[in-house]
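Each of the two complexes below includes chain A, the first together with chain B, the second together with chain C.
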Partner chain A sequence: MTPLPFAPLSSGPLLAGAVLATVASLWLLLPNGRDTASIRWLGSLLGLAALAAFIAAGRRLGGLGEEAVFLIVSLVAVISAAATIVSRSPVYAAIWFALSLAGVAGVLLVLGAQFLGVATIVVYAGAILVMFLFVLMLAQPAGLAPYDRVSNEPFLSALAGAVLLGVLSLSIGRLSAGPATCCEPPSRTTASPSTATPSATTGEPAPAAGDTASGPAAGMTATAVDPLAENHVARLGGELFGRHLVAVEAAGVLLLVALIGAIAVVSRGEAALAGDTTTTRSAAGRSATR
Partner chain B sequence: MNALTPFLPTIAALVKIGLLVGGLMTAAAYLVLVERWMAAWVQDRKGPNRVGIPLTKISLFGLGQPLADGLKIIMKEDFTPRHVDKVLYTAAPLVILAASLAIFAAIPFGSVLPPLGIPGLPDPVPFLVAPGLDVGVLWVFALSSIAVYGVLLGGWASNNKYGFLGGLRSSAQLVAYEIPLGLGLLGVVLAAGSLKLDVIMNAQAESGVWYAFAQPLGFIVFLVASFAEAARLPFDLPEAEQELVGGYHTEYSGIKLLLFLVAEFLHMVTAAFLIVIMFLGGWHLWGVTGSSQEVTWLGAFLRFGVLSAKIFGVILFFMLVRWSWPRFRFDQLMNLAWKVMLPLGIANLVTVATIEEFRPQLIERFGAGPAGVIALVAPWAVFFLGWIAAGVLTPSGTDNTPIRTHTMLDAERSLREQDLVEV
Partner chain C sequence: MNTAQSLPLLQNALTVGAILFSLGLVGILTRRNLIVMFLAAEMMLQGISVSLVAWSRYHGDWGGHVLVIFVLTVAACEAAVALVFVLQAFSRTGRLDAAAWQSLREANVARTVDHELPSIDTVPPRFPTLAPAGVLPPADENEPLQREHV
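Moving on, here comes the complex of A and B:
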């Protein structure tokens, strides 16, 4: 799986090799009770090879600086995601997960989705994962439980994950290789490739978007989403509370239901603690005694 | 010159980062001295006043003290206890300091410079490291929630009961007070219509009404929550010396301890920046700084000076509060967050949203002046109502007598029947 033909690098075999290397590396790295240092080294090397193959098979972004920053943050995201599932200690797994989320947020920031990137950190890393850590640190005073040391079905899960990865990257690669149809800013679709590259690298598509409005995508300029435009958050809010209002409200109601359910569970638990057989009697008695 | 042009924004950003980090680090060192002077003044004694220029007898009111303190703490042995989790023990102070510094990427530290006329640079140059970031307030929020990791990991990796308890307390406190903090913030964001801190400052400068006057309830909620987020004295349970020795940094020494302490000070400085920028008008002062975007060099530095003076004033307030209030108990802390600050924050948010929603109708019906008065009076009415409600209902007041449950009462009754005790 590792001896790849590096001369004519078509992306198909490269991708297949990358997927195979990912399977092997994850299978070797996942904790299965018989791992040694050498196996872990082999797994890590295979994983790095798979990453390199994926990078070689992918498309370039444009400017060198943008490319470098994107590579760094995405490598942080991917490597720490792998470390999340292969690390033995739950606390370390949570920390690696936090780092992976930071990498994902970095990717989103580089690609211009500022709100999504920052919201990822606020919601996941800042709130949910802190709760996880809290519980893990309280629940695990010493040593590792046996179910932490061995993973369940390492081969099948590694295979499934890697195949999913391969299929996704293949289909995304096909989608983005063809001419963009729906969501790209009009400057990139209408202008010729030689003039489109500098406008994409400078990160200032606003002036370019104005003069190409006569192209085939001219009717869509009003609805096309340009992530780097001014007032990014205001437009996102308009979109959310305009076109997707029902979905937003439904999510809000769902969260409210969860909140009420949590309160109900907590109050029932308190009533049970009060020590009577029927909850109503104990609640009444408790308020009377106070 | 032409070869440099593409790199000019990067160079400008690096210069700003250098100025900001250097200024913040120096400020943190000297704020420790100010804090000690303030403590001395409150307690009616002389503070540190001996250290001046080294190797001479000149003592510049003790202005050399930060240098001496810094040297001393750096020279100390960087001792790592044997029972700690070494990786996380080392990472925790780095995480907390990096997060506290990265917050300032989105915080403006002045208004704008007058146009420099250099091609390749945006004119006018803003006093802000990342002017393109459209989500400034959220960035601040995100990174201050990352700082929790430093505290939590430091406490856990120390493998020490005091440290662990401090870390747990701190994370519970920070997570609880993030909600009123966000509610106080949302009112301002709603009124200004932007998440960018420089736009929020400009909005206050243009209207001349600082948000502390337009949203008094939001100001109080935000002020209290930012005290809690900075873990300053009424809320300093994470490192309550009498109970937890040093809290989450009990096991730290030398330069790692220094990183923790600097990060704590930076939290206070961040809180002061946010309070001034969002509620106290930023660089705006009536009749002094003007409100337009075109500034002269004098105006630019005047605005910088006004902003710095306000921030220093808020920091002095922080320090004065430290010696004026006793520490909360943990249940009082949580009650204050969930039963007082959360409802008050929601009340403020609803008031602001209502006013902003009906402002055009108000202006249409009464004219701009009376509409402005209504928009100013209504929040104050809500403020006093909320104050009275919180005072009458005292949801945060706690009854310290033990709660008697049914089982306890049964046990007491049976004991009384056996004539064993008199209850």
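Moving on, here comes the complex of A and C:
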């Protein structure tokens, strides 16, 4: 296999331009009390330019279909995420976030995480986001609040985020396929028999069958065909309830504690509000409101 | 070695995760609505999830998948508890503003003062409306009781 044609800093100026465009775009688009249509258009154009620079700096995938699908779902995820943090209305922010979750689920599906893609939709968009919307309906004052149309230090925040993004992108671009011995997958011994068995019986994934059945030494290979793809959910469940059983129990306890804690905070908070709202708390609230 | 084939996919997915994380960071730093801040925090978790699954795909390992499942669990717990606190905060101050709680700041930190707060609802939002249910239309004596053509 030929090594990837890989120049570590070849996309440096492109990434720098993308970071600068991201700063300017976020600074223009974040709510700042002076929204006019022209500023929004300029910010959106700069954001699209930043996205185009990131796409141009990205690596080409193998097949055209995979590349197109990955491009579409990641664009949906990223554009909706940007719209989430720049939209004035929190309801619209939540709905943009749901669209971003759909994009993230698509990215996870492209990456071969079938269970996690569906679980993201079910748990996040189905449960958590609906909870957010419930709280918004309970707590949102009528109309757009003034604090939704200003931001805390939008320029410095956009600069910080874009600098982080630039550093991360640089270090991601410098990744190279290291020696195969440096990162032995820990579950290789457990994964290999279960990989070999269905491919030997069905014989359906022809290029993968030769690699994975050739022994445990071929554990790192066959990443073009995902080694986690066969019997994905069953093997994920086996891994989860096998090696990580204690963690699953701990997560269950955490869910129970969070449930009880939420109920306790609600009931005690309402009792406290009904009790002494006259003296200290309302004074503190008034001074905080001012 | 065959791992080089999936290296571009790993890098692209890590870039998507980094973009999501950075956008969430900007959102949580700069927005003042508590709920939007929590949405931004969840977005950072999404970026982390994408990165973990990308590494998991690259190494052919289940660790990233399992970790993302626990991230989902913790995110659900966090959202439940945090939204309760948001509701409590709203019922005490009447606002979802993070700056309403700036009396909790340190003693040597200047207080946040909104110098140029935009006026209320310069552009009123237009939401889609439904026909109100259960309301009788105004009576009209001249209106025929039946339609002429069915």
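The definition used in the following text is that the second predicted complex is superposed on the first by the 201 of 290 C-alpha atoms of A that agree within 3 Å, B and C clash if a C-alpha of one lies under 4 Å from a C-alpha of the other, contacts with A are read in each partner's own complex, and residues count from 1 in each chain.
Throughout what follows, contacts are C-beta pairs under 8 Å (C-beta built on N, C-alpha and C of every residue); 3 or more make two chains touch, one makes a residue touch a chain.
The structure displayed is predicted, hence computed values, not measured ones.
Ranking chain B and chain C by residues of chain A touched puts C first.
By the touch criterion defined above, A:231 lies against chain B but remains apart from chain C after alignment on the C-alpha atoms of chain A. Using the contact criterion defined above for the overlaid structures, shared-chain residue A:138 touches chain B and also reaches chain C.
In the superposition on chain A, contact of A:245 is made with neither chain B nor chain C. With both structures placed on the common chain, the touch criterion links A:115 to chain B and to chain C. In the superposition on chain A, A:253 makes contact with neither chain B nor chain C. Contact with both chain B and chain C is seen for A:127 once the two complexes are overlaid on the shared chain. With both structures placed on the common chain, the touch criterion links A:101 to chain C but leaves chain B unconnected.
The interface of chain A with chain B overlaps its interface with chain C at residues 115, 119, 127, 131, 138, 273, 285, 289. Chain A contributes residues 1-4, 26, 30-31, 33-34, 54, 58-62, 66, 70, 74, 77-78, 81-82, 84-85, 89-90, 93-94, 97, 100-101, 104, 107-108, 110-113, 115-116, 119-120, 123-124, 127-128, 131-132, 135-136, 138-141, 143-154, 157-158, 160-162, 164-165, 168-169, 172-173, 175-177, 180, 183, 185-188, 191, 211, 219-224, 226-228, 235-236, 239-240, 243-244, 247, 251, 254-255, 257-259, 261-262, 265-266, 269, 273, 281, 284-285, 287-289 to its touches with chain C in the complex. For chain B in complex with chain A, the touching residues are 88, 133-135, 138-139, 141-143, 145-146, 148-149, 152-153, 156, 164, 167-168, 171-172, 175, 178, 193-195, 399, 403-407, 409. Against chain B, in their complex, chain A makes its touches with residues 91, 95, 98, 102, 105, 114-115, 118-119, 121-122, 125-127, 130-131, 133-134, 137-138, 230-234, 273-276, 282, 285-286, 289-290.
Interface residues of chain C, counted against chain A in their complex, comprise 1-16, 18-27, 29-33, 35-36, 38-40, 42-43, 46, 49-50, 53-54, 56-63, 65-66, 68-70, 72-81, 83-88, 90-103, 112, 114, 116-118, 120-121, 124-125.
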